[in-house]
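First chain written, first letter: the chains are A, B, C and D, and each begins at residue 1.
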Amino acid sequence: MSGKGGLLHERINSMTICGDRGFNIGNFGDCTSRFMRYLCRVLCAIFLLAGCGKQSNINDDAITFCSESNPTYFNPQLDTSSTTADASAHQLYDRLLEFNPTDGRIERGLASSWLVSNDGLTYTFQLQRDVAFHQTDYFTPTRTFNADDVIFSINRWRLASHPYHEVNGGNYPYFDSLGLDKTIKDVKRINGYRVEITLYTPDSSFLANLATDFSVILSQEYAQNLLEIGTPSKIDYYPIGTGPFKFSVYKQNQYIRYIRHPDYFLPTTGAEHLIFDITPKPSLRMAKLITGECDAIAFTSQSDLAVISERDDLTLLEKPGLNIGFWAFNTSKAPFDDPKVRRALVLAVDKTSLLEAVFLGQATRAKSLIPSASWAYQSDAPELGYNPVRARELLDEAGLPDSFTMDIWAMPVQRAYNPNAMKMAQLIKSYLNEIGITLNIISYDWNIFRENLTLGMHDSVLIGWNADNGDPDNFYRPLLTCDAIPSGTNRAMWCNKDFDALVQQALLTDNFEKRKQIYKQANELLFAQMPLMPIAHAYQYQALRSDITGMEINPFGGIGFDNVERMP
Amino acid sequence: MIKLFIRYINLMVITIFALVLLSFMLPFFFPGDLLTNISGITPQSLEQRQALEKAFALNESIFVQFQVYLSNLFAGDWGVSSVSQLNLYDEIAYAFPATLELMLYALFVATFVGIPVGFLSGLKHHNPADMGVVTFSIVGYSFPVFWLALVFITLFCLQLEWLPMSGRIDLLFEVKHITGFVFIDIILSDLNNTKEAIENAFRHAILPTLSISIVTTCLFIRFTRRSIMDVMQKGYIIAAKSRGFTQWQIFIKHSFKNALIPILPILALQISTLVTNAMIVETIFSWPGIGNWLIQAIYQQDYPAIRAGMLVVALFVLTLTITLEFITRAIDPTKDETARAAV
Amino acid sequence: MQRFDLYQEEYHASPLENVWIEFKRSHLAVVGLIFIIIFLLITVLVPIVAPYNPDLQNTNALLLPPAWEASGSVSHLLGTDALGRDVFSRLLYGIRVTLGSSLFIVFVAMIIGVGVGALAGLLSGVRSSIVNHLFDSIMSIPTLLIAIIVVAIMGTGLYNSMFAITLALIPQFIHQTRSFVKEELSKDYVLLDKLDGASSVRIFFTSILPGMFELIVIQATIALSIAILDISALGFLSLGAQNPTIELGQMLSQSLNTAYVAPWLIALPGLVIFMMVLSVNIVGEGLRSALRNRFKH
Amino acid sequence: MALLDIKNLSLYLDGPGETIKALEKVTFTLQEGEIKALVGESGSGKTLVVKAIIGALPEYWRVKADRLTYKGQDLLKMNYEQRRQIMRREIAVVFQEPTSSLDPSVKLGEQIQESIPDEFVTKKWFWERNKQRKEIATGLLHKVGIREHDRWMNCYPYQLPADVSQKIMIAMALASEPRILIADDSTRGMESTTKTQVLKLLLKLNKTKNLSILFVSHDLLAITTIADTITVLYCGQTVESGKVKSLLKRPLHPYTKALLDSVPSFQSALKTKSPLIALSGTIPSLQHLPAGCRLGPRCPNARKKCVQVPIMRSIQGHNYSCHYPLHLPKADKKGPTDDKFGEQDPIKFNLINPALEEDSADD
């Protein structure tokens, strides 16, 4: 017995143990019986063999991205959450127009050129030629992209009578919140590669809206096929688009796989495979980034930013964000319909401590909705300070009972505009305790959370908004106008006629100065009514491994992997 | 033998029936709309609601509903998850083998490390190695599994960066899901780099298996050591020694079997703790098993999934425990068969 | 113990004293006992012992490392968590919740388990065998599964998870008591009582119950260690104790968010759970061996 | 030359604080073909002697002996392997409870075949060897008087009655054709019919195979019928040893006397309603052994001198260790007893057995 044991012993010592970490076998010598000692050697041999070498990626041209939760559909038209946008907008589809990520100007996308009539009512688009759709195992396109696809994509959400309008729920939150279906009069097909869109009233933000992540171009031929087979709902679960990647397979709560679209009409240097590894916990995403199982991760938590910048194998991209994190009160519910109560709640909370504790100083203080990065930023906007005594007086004036309980809904997921809503809720809870209000914190799974929010079951909610285009209207209309309530983007359920009038009026002129004046009046109205407490405009971060290039932060929404590759 | 077999069969049938009955009654207790809890589909329109009610015989008596439920159960139509609208049968068929696999690894380690070490330390119960084993076993099975997993992750994944920390295999390998057991799937789905895939899957399996197998191994060690030490004091061992058999002969012929028989039922009970630990560890290592799936279902309040998942796991654990008990009773000659089939 | 008294009276220690002598023999067990007493004291006296109110958020000392680290301060012995709350006092309150609820669970499970077990043991016949089979089969359902069902029906929360774990622990007591009572009934001294005309209830309380004392204590220690592990596991999975209540498992899962900046926040709650379970197991083990070889002398 | 020669065998148990002498200077020898009886009340350490011989003592005992030899080889000095060889071929043991000495999980046939040493099985192929083993086993069973061997061969130990299992134990002991058979109280708790069967069997074996037997028991009736020589133990001290006839005729040690008197059938001339004789008091427990002669407190004619351990003296092979042995001729008594308190008549042992009286007369 010992003979064999001895032989193995030498073989272990002579074997080159990977890495320089010498492993002293000697300390296992104290197992007394020969069999025991032999057992120990075999065990540590197995363990050592397995521990060989750092994680080496066999399949080199594959990029793994750790996303934070499951997309509801693979079509951003149907859902405003950034998870769906990340998973589909820039990967699977293209848009008529695109934003330049650096300066926000509008560039050409599928539309090679466009013409705006001087009365601002008709827009004509000249389309790109020979743009191929995806060829997958569930659909093979016979023709390339043309005007029919554009008309199909727009009419789907515009016309209630469209065969595909009711498919998969039939609500299009982004477009409903902007009321775009009321502004577009008609979409005409001039010829195979030219489309003309006429509006009822001029809308200076229309072009910007066509470039957002939500206005993607679907395949009309694929839709036709599905209608014939009788499974129209598959269009949003098994997507077909013109984007840089094709959809391969999706396993809920686990992963999404994409394969490169070989004949994509733009030259890209992206990887052959793209994998979204769904990891809900931020600390788990961070760990996977460190061990190299993920090449890039979504929404790093604020506390880890310092750790990333210290490590040399990780890089951190940073950009001032076009977003707003706020604490919205459900104005449709008593007592939050009384502005006094809302002002008292805002006065009772110290915004600076929230910024320090939750954003760890990596965010700018929000006075009103518009962040400093936008041209419509109003630096001298009025703001309520921290004054608990005044808050208590206001509450007594409003006739609120001494021991008043309310709930606050905290988002379970991480977002740039609010990296840790749960923690912020706990801080607010201790502040409200001081003025005699008990606050209970409620949280659900992200999709259920948003469903219940649209139903208005909440008293107040900690949430925020990511801009989709540089236009300030993209903050005011979806967040606070009456149309936005049914679509679920107006979390404060606040409907104020003269506020809507102001926002509508701002759209009519595209002269920046005049629009700034109108938005100034809107800010004063908001300050008086205070339907929500603006908290912060956070910087946007993107953490990734150092050997990944071609990735940049797009302030206007979803992440794109078309030019992302791994340096050898 | 036949009498014992019949007794165990009827015990199995009673328990399965009780479980199916329990899983049938669950939706009535779950909050929210009964129809969604049963079928998973939230009826959009009125006539869809009527169609569903007729399909599940909700307006008839309980027995008819139970009958409908049973026929659906055997037909494999377990309803649809109310969150992801995916067929539950396929979801469970996808998730369950992963937990089974993790459990088998841990059981393998526990039996082939726990029992021999238990025997060895029991036989040599007066030297330092035995003291070491005893303290290791007490410390071992008082570790909270989830904390042990976290410590392993911080140590082996983050500091030493030896082992990967999540999932069953690196997502780079496109392993088709055929049987659900990762190693078999790798071999069956002909990859170009099968060897690396197997090595990668092995590295992924080490930490989860280690985290749950330590607790079970230590329990096995403790039971076997106690049992072998009792057996060595017994009269027939001293008689065998007096007949001049070697240590090894005595161990193989007499003490091994006599020591193992009394503890097999207790080891069978460890399976249910093993399943609990496997389900907890899955959430930490994001192992795509049924535990992870069930806990996601709880977070998303996906009641049809909870009901189906609960039924599958409970049935599996129960049948396994009862069969193990039956096997021990069958091969145990010391007691006559008419003794009650006390589980 | 050599006693030099003239009459050579035989000194026979009472069974309990014998158990204590045997228990004292293993120092490890005594150390375990001391730890348990400390934990129990903490559970009872925590409001006095804890230096700070556990929910007091002091925002200017966020994520302070423990005192022995370079940048730690003595005011917060074990540092502060992400919201600036003192970790040391939160751990003490965590012990109170975890250990307190576990003790309560074991107590309730013991009362119900022993009662039903005795009943099942006393009344024989088909009815009791069906009941026993059902309870034994429930015993092998994993505790996490029962907890998931209870949470699905009644929602998350400490009390619901306590209810679930009691439900999971009762069958073990039932099984042990039933088999013990069945064994004792076949013994002669019970036969004698029967012959004297004692009713089965009286037999149970006068002769079987005192004999069952050790079995119950051993089963209680096992159940306690399982209960502590399960309560903290459910807390960790955030199915058990929710935010306002401070529970060790839940503290552990919350500390994951700041895993890289404050690794000690992960280590401390886990360590406390481990110490609790270890001391319970050591005392349980010491008790078992003491009870087993108290008849040696 | 003596097969088994034991001199001054002492067993020490290091209890907490003080060491207990369980056996004190046990001396006896076992000749070839002799049946020696080891008698003593239960708790007198006779099982300990057996365990000391076969080396099955638990670790915490310390064995010290001037001589513990088997055919000249000192058993204590031997290493484990040599001692095992002796146990395998030369010495065989039959323990007290037959049922607990049989492995409950193995069939009886297998256990018997297992105890047959390999040397006896000469066939080449394994199936032939198995058949031969079976035959030897059935032969053994027949030898010990078990008729339906098939029935017993494939049943389990818990299904056996006591006497059958006792016979099977003996068969297994004989399997290796030992030189010595140690029967540790093997007739305990048996009805007299089965007991006589077992004793007859032992006697037959002794006669036919010249098998020397060490018969350990506290059942005097069995001993008188079968044993040649006898050694009486009390609390670990050899009290008296010698030929059975001489001991029965004239017991020298008061304890042997009390033992013999306690058996009514020896008292053929008991008058009706006369009190049965029994030694007062009980056996002291291990912790509180009296100093010197351990019968001291219970001995009818104990004196101050008995506090020292009496040395073993012998008359024509009949040795005893007592300061005041019963009715020895006066001279011997005066010699060793320089009793300072002057002459004292030996207390007539009032319950002398008249039947024995006449025998001693014609000695």
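Here is the rule we go by: contacts are C-beta pairs under 8 Å (C-beta built on N, C-alpha and C of every residue); 3 or more make two chains touch, one makes a residue touch a chain.
Keep in mind that this is a model prediction, so the values were computed, not measured.
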So which one's got more C-beta contacts, B-D or A-B? A-B
Identity of the most central chain, Cα criterion: B
Cα centroid separation, subunit A vs subunit D, in Å, comes to 92
Can you check how far apart subunit B and subunit D are, centre to centre, with Cα atoms defining each centre and the answer in Å? 57
Find the geometric centre of each of subunit C and subunit D from their Cα atoms only, then give the gap between the two centres in Å, rounded to an integer. 53
Report, in whole Å, the distance between the mean C-alpha point of subunit A and the mean C-alpha point of subunit B. 39
Two or more other chains in contact with one residue: find those residues in subunit B. 301
Per-residue multi-chain contacts in subunit C, two or more chains: 256, 259
Complex contact set, residues of subunit D against subunit B: 54, 56, 59, 84-89, 91-93, 95, 97, 100-107, 114-115, 156, 158-159, 169, 172-173, 176
Where on subunit A is subunit B touching in the complex? 30-33, 35-36, 39, 43, 47, 50-51, 54-55, 57-59, 62, 64, 70, 251-255, 257, 273, 275, 277, 279, 284, 287-288, 290-293, 444-445, 447-448
In their shared complex, subunit C is touched by residues of subunit B numbered 11, 14-15, 18, 26, 29-31, 135, 138-139, 141-147, 150-151, 154, 268-269, 271-273, 275-276, 279-280, 283, 291, 294-295, 298, 301, 303, 306, 310, 313-314, 317-318, 321-322, 340, 342-343
In their complex, what parts of subunit B are in touch with subunit D? 126, 234-236, 238-246, 253-254, 257-258, 261, 332-336
Contact set on subunit C toward subunit B in their complex: 28, 129-130, 132-134, 136-137, 139-145, 148-149, 151-153, 155, 175, 179, 225, 229-230, 232-233, 236-237, 239, 249, 252, 256, 259, 263, 266-267, 269-270, 273-274, 277-278, 280-282, 285
